[in-house]
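Chain IDs A, B and C follow the sequence of writing; residue 1 opens each chain.
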Amino acid sequence: MLPLTLEKLGFSAGGREIIRSINCEIAAGTRTVILGPNGAGKSVLMRLCHGLLTPTTGRVAWRVDGPSLARRRARGQAMVFQRPVLLRRSAIANVIYALKLAGMSPTECRLRAEDVLEAVGLSTMAERPARTLSGGEQQRLALARAWALGPEVLFLDEPTANLDPNSTRDIEQIICAIHASGTKIIMSTHSLGQARRLGDEVFFLSEGRLAERASVDVFFKQPQSQDAVSFLRGELP
Amino acid sequence: MSASALSQDKFITVASTTSTEQSGLFKHLLPVFEKKSGIQVRVVALGTGQALNLARRGDADVAFVHGKDAEEKFVADGFGVRRIEVMFNDFILIGPKSDAAKIAGGRDIVTAFQKIAAAKATFASRGDKSGTHAAELRLWKLASIDPQVGKGAWYLEAGAGMGPTLNTASAINAYVFTDRGTWLAFKNRGDLVLAVEGDRRLFNQYGVMLVNPARHAHVKKDFGQAFIDWIVSAEGQQTIAAYKIGDDQLFFPNAK
Amino acid sequence: MNDISAALVEALRLISSADAQLAQIVWLSVRVSVSAVVIATVIALPLGALLAITRFPGRQTLIALLNALMGLPPVVVGLLIYLLLSRAGPLGEFGLLFTPTAMVIAQAVLITPIIAALSRQVIEDAWREYEEQLHSLGADTMACAQTLLWDTRFALIIVVLAGFGRAAAEVGAVMIVGGNIDGVTRVMTTAIALETSKGDLPLALGLGVLLVLLIIGANLLAHGVKLAAQRYQG
């Protein structure tokens, strides 16, 4: 599916331009972190790439094209949101639900679900109602669900924004493990520390524009754009 | 409704009046017929006008009502086969104990109506085109009074069956024109008592008609005719006469 | 107050006497209303779900119409269905008038809008939370509708109960299409109407108390199911 090409991508809603003419190519392999102040358009950009929103101008071009629904169903992509959305059923049933949707056989679903829950450390909670899990556990479950699908690309929209430091560390470890298993990571965050820990390259978004793009080291040591400089200094919220 | 009754279709629908239903006559009468013939009788109780309307549409097999003019029109219009007289009872005038029109104990119904109009005493009418309502209107005509002049002031039209109209009269202490059967079975009398009875003009005849199968092919004419034949037979007539509330006989058989 | 206490005494007497005719009336009431609720639910829940999650021109108008239909006057429904089922009407050949089937139809017509409109609201509220995740997982419209219906099941139980309560309390429509025929189409509400019009108020009230107990019983049962299920499924 990769590389992902964004051509003059623009998005407006409610009379406001949220994303302005972004052109870039996102390649496989690296962990891409989308950084930027509040309101920069990080969430909207992720949703445009994943196909949850339709661009107002320009296009989102994957190497394999076709309707986004079919692409997602072909286990090409998955997304984890800031607030985990889990169904009213057991933890393992949530994972099995996603696998069934992707067309796996019932026995395969069960085995795969058990494996992935083990990998994220939730085996003991498998039969618990998912909504009774703690915030951190729920997010781990959401990650497990996405991982089970074996996606080529995993989008994460500020996955630890609502979590305490311990849970955040757990989540970050899992993200690294998912990357190690061959999945491309595209993650948004407003935490500089997290960007440094988890990112290979940084996409810096400011007011809907791709203000700067560099490897993590270069970005933090020698930011090129004025907005990036202000942001790193903590002057932008 | 038992499944066997449905599958055999051995029932008839009789459109009848609220006065026959609420007096309890059918509860007494029908089980005897049903046991003898095996035909279930399903009674839909409405006012005479509504009952004949139902029969006109073919939603009933037999009409059993009290309203000679309406019945004869029903037959003349081709909806009924023949009108057969079954039984009679009488109407009575009920009024509050306080008797503002001073008619209690009288035996002349027309004079009573005139006194009520003169005194502008509250009068509750059924106002629903039933047999009882038609009889009431005939008496106003005989008294040369148009009750509509008092509409809303002392002449109140309930637009309802006999029971609800009696309830209303009881609640507001009004005069009310009713058949004896419903009155005898009525339990919510309040301050109401019998005021006028016995006038020959209070005679109330009930007739039964088979809905014309030529007009409505699905009418169960054999079962319907069986019911009619039984009602006018000696056994049917005796069963009607035997129905009493306390010591009072409610309906008087007079089939020829 | 005297009437009410007389009614309570009458209600107790009715229940303890285990009168066969009363039992038949109660059983018919339950059968008719439960059948109506089942039919209405089968139609209305999918309708509510689809209306909640799909977008099409005229959708808001349709929703407003559906909400308005919740207030459909029962007696009007009764009249319309009577005209449909009457021998002189378009569906007369089926001979459904004055049967329990006609009453089930009337009640189902009455409560389908209620269940549809309320479930639409419930599911639309949940949809706001679930929409992105379900789309991300690749669920199509049908899958989304099914998933939402199952996930909002506890709230939907209450919706269905509202429908049942409305059906069981209804008298206007079933009186017209059923005819209140003794032993055939007499249900609790029409029996109460009859006894009231005969002036036997204690009996009417007693039946009324019984009816209310019935509806409360149904509600308690559903709540019990809901509590038990929630304990095990979150």
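Just so it is clear, a residue touches a chain if its C-beta (ideal position, glycine included) is under 8 Å from a C-beta of that chain, and two chains touch if they have at least 3 such contacts.
Keep in mind that what you see is a predicted model, and the values were worked out from it rather than measured.
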{"item": "Identity of the most central chain, Cα criterion", "value": "C"}
{"item": "Taking each chain's C-alpha mean as its centre, the one farthest from chain A", "value": "B"}
{"item": "Computed distance of Cα centres, chain C from chain A, in Å", "value": "46"}
{"item": "Chain centre separation in whole Å, for chain B relative to chain A (CA means)", "value": "80"}
{"item": "Between chain C and chain B, distance of the C-alpha-averaged centres to the nearest whole Å", "value": "35"}
{"item": "Contacting residues of chain B [partner chain C, same complex]", "value": "1, 13, 18, 22, 26-27, 40, 42-45, 57-59, 160-164, 166-167, 170, 185-189, 216, 218"}
{"item": "Contacting residues of chain A [partner chain C, same complex]", "value": "47, 50, 52, 69, 72-73, 77-79, 81, 85, 87-90, 97-98, 101-102, 128-132"}
{"item": "Touching residues (chain side chain C, partner chain A) in the complex", "value": "129-130, 132-133, 135-140, 143, 147, 150-151, 153, 232-234"}
{"item": "Footprint of chain B on chain C - complex, ascending", "value": "86-89, 92-93, 95, 97-100, 179-185, 194, 196-201"}
